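Take a look at the structures below.
The following pair of complexes shares a single chain, subunit A, combined with subunit B in the former and subunit C in the latter.
The block that comes next holds the complex of A and B.
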């Protein structure tokens, strides 16, 4: 069965679909704001433009996902994006870290983009047609993101002692939280309804299976696959760093929530 | 870091035109940056990214700006003569296409050519 509108699903599936869309939208939204912080201070001017452009893409993806979410559950996309308390955001804990140094931001984006690509693969033939159509567009833009992040992973891994040790430290710190990208979502009803092609545990196995040869080629440590992510992968507990970012990106909206844009 | 020159094609069938240049550590990142600078707003359908070092630079005035009159190497003289003959043939055939004659006056090549004929 395919559905053009979410009303064609039962209530539990609809709630799970809303949960999935909010999680994905918040992931893209928060990553977009963190990475936009490199504008003006990336390693070279050209990378300033490139990284800011990637960040801008993510905000665009978030906008499309928030719109789809409000088609499922009603409401206003801007209000969902900017009008919530920090505890109500559902992004993965991977995105609670600040930008830190360049290797850290590259490692975070590499882990996120590869996990997100595995997630998008499982949504490409979604029974919820508006989502399948959106995912087709997202995947085309993510192709370039993946190329760019693979290029940077290679350069940092082969770039001498300091870049390599910073990259290794970042990966080690981020691994447990990276696994949250494919967790914290009620996936059973979504798989049953054909919205999601396979359980998130299977998506995660596919993600890690794809990463292994890449990391091996770069001589970087593989993550431990035994420890499941701890509880609270998608809130409500939030880091002080995220609360600071939230203050920044909601500042204008909070100054006058009723303003017309 | 090295300089790369970027050429872009705006639409299918159009010429590759110089877009600008950028700095990159290697050809792969140069391609990414070229995409960001000259393609991220869907303004190009094709890019060429060329290391500046691969460009043969030629600006010798003896080769490019020789001192003698070169007007006989320009196609305008030939074109002027052909157009004059064509106008004569048209006149012999019965003066058709007055509107066409007006349109030709808007063509700077034709207009200057005619002037040349009058002066000659």
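The block that comes next holds the complex of A and C.
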């Protein structure tokens, strides 16, 4: 069965769909704002431009996902995006970290983009048509994020002692939180309704299966995969760094929620 | 051809009008050259045009929708212009005329057929990680070029370097 509107699903599926859309939208939204923090101070001018574009892409993706979410559960996309307390955001804990140094930002983006790619694969033939249509578009754009981050992973991995050790340290530190990208969503009803092709545990296996040969080729250690994601992968506990970012990106909205801009 | 009895406007006139609406970021191209027009419906009382966004986060979408609506105003009692994801816009939708205009203004058009690789269903997205975008230099026609930055001045443009004529150039991205 394919559904043009979410009303065609039962209530539990609709709630799970709303949870999935909110998680994806918040992931893209928060990452987009972290990316924008590099504008003007990236290591080379090209990366000022690239990270500004990545930010613009992700915030655009978030906008489209918030719009879908409000079609499922009602409400106003801008209010969802900017009108919530920090505890109400549902992004993965991977995105609670600040941008830190360049290797850290590259490592985080690489982990996020590869996990997100596996998630988008599992949604490409979604029974919820509006999501399948949007994902078809997102997949084409995310290709550029993947190849750009991969190029930077290569550059840092082959760049000598310091970049390599910084990259390895960042991967090591981020790894447990990266697994949160494919966690914290009520996936069973979504799989049953055909919204999601397979359970998130299976999506995660695909992600790891695809990641292993890439890391091996770069001569980077494979992260240990024994620990399952801890509870609280998608809030409500939030880091001080995220609270600081939230202060920044909601500042204009909080000053006048009714303004048109 | 469907005629609009109320106004005497026909579909061809609508398409001709659309061909006069420039893309705000590369104004040498019209929305028709870019393949942005998904559907045109005209039933006398109501003219409805559906457009496909090139990039989801493109900040020019509202400008494009407004300028299309402004150009079509008066062609039917009711004019509706909407954006839709019903079908993904791909760079393969740029017309032959659009590709020619791109080259003439110093942009490399996306390589022919290259759009299918990134969006193919069933192929894991991660498999595209080692993709090497290609472009032909719009100045000297050489294929000996290298990608400098997949992100250029706007979301739809990448920056290349031509090894033969030793000049940078921009490409309209293949998506």
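Some points to look at:
The rule is short, and it goes like this: the second predicted complex is superposed on the first by the 261 of 261 C-alpha atoms of A that agree within 3 Å, B and C clash if a C-alpha of one lies under 4 Å from a C-alpha of the other, contacts with A are read in each partner's own complex, and residues count from 1 in each chain.
Basically, a contact is a pair of C-beta atoms (placed from the backbone, for glycine too) under 8 Å apart; a residue touches a chain by one contact, two chains touch by 3 or more.
Everything numeric in this text was worked out from a predicted model, so none of it was measured.
Annotation for the three-chain superposition on subunit A: subunit B and subunit C clash. In the superposition on chain A, A:134 makes contact with subunit C only, while subunit B stays out of contact range.
By the touch criterion stated above, A:46 is placed in contact with subunit B and with subunit C alike.
When the two complexes are superposed, the chain touching more residues of subunit A, out of subunit B and subunit C, is C.
Of the two partner chains, neither subunit B nor subunit C is touched by A:16. Residue contacts after overlaying the shared chain place A:144 against subunit B and subunit C alike.
Within the superposed three-chain model, A:208 lies out of touch with both subunit B and subunit C [touch as defined at top].
Put simply, of the subunit B stretches 43-51, 79-87 or 97-105, the part that bumps into subunit C is 43-51.
The contact surfaces that subunit B and subunit C form on subunit A in the two complexes overlap at residues 46, 49-50, 53, 144, 147-148.
Within the complex formed with subunit A, the residues of subunit B that make contact are 1, 22-25, 28-29, 32-33, 35-37, 40. Note for the complex: subunit C touches subunit A at residues 53, 55-59, 85-90, 115, 117-119, 121-122, 124-133, 148-153, 155, 159, 173, 175. Interface residues of subunit A, counted against subunit C in their complex, comprise 46, 49-50, 52-54, 56-61, 63-64, 114, 117-118, 120-121, 124-125, 130, 133-134, 136-144, 146-148, 150, 206-207, 210-211, 214.
The part of subunit A that touches subunit B in the complex is made up of residues 44-47, 49-50, 53, 144, 147-148, 151, 155.
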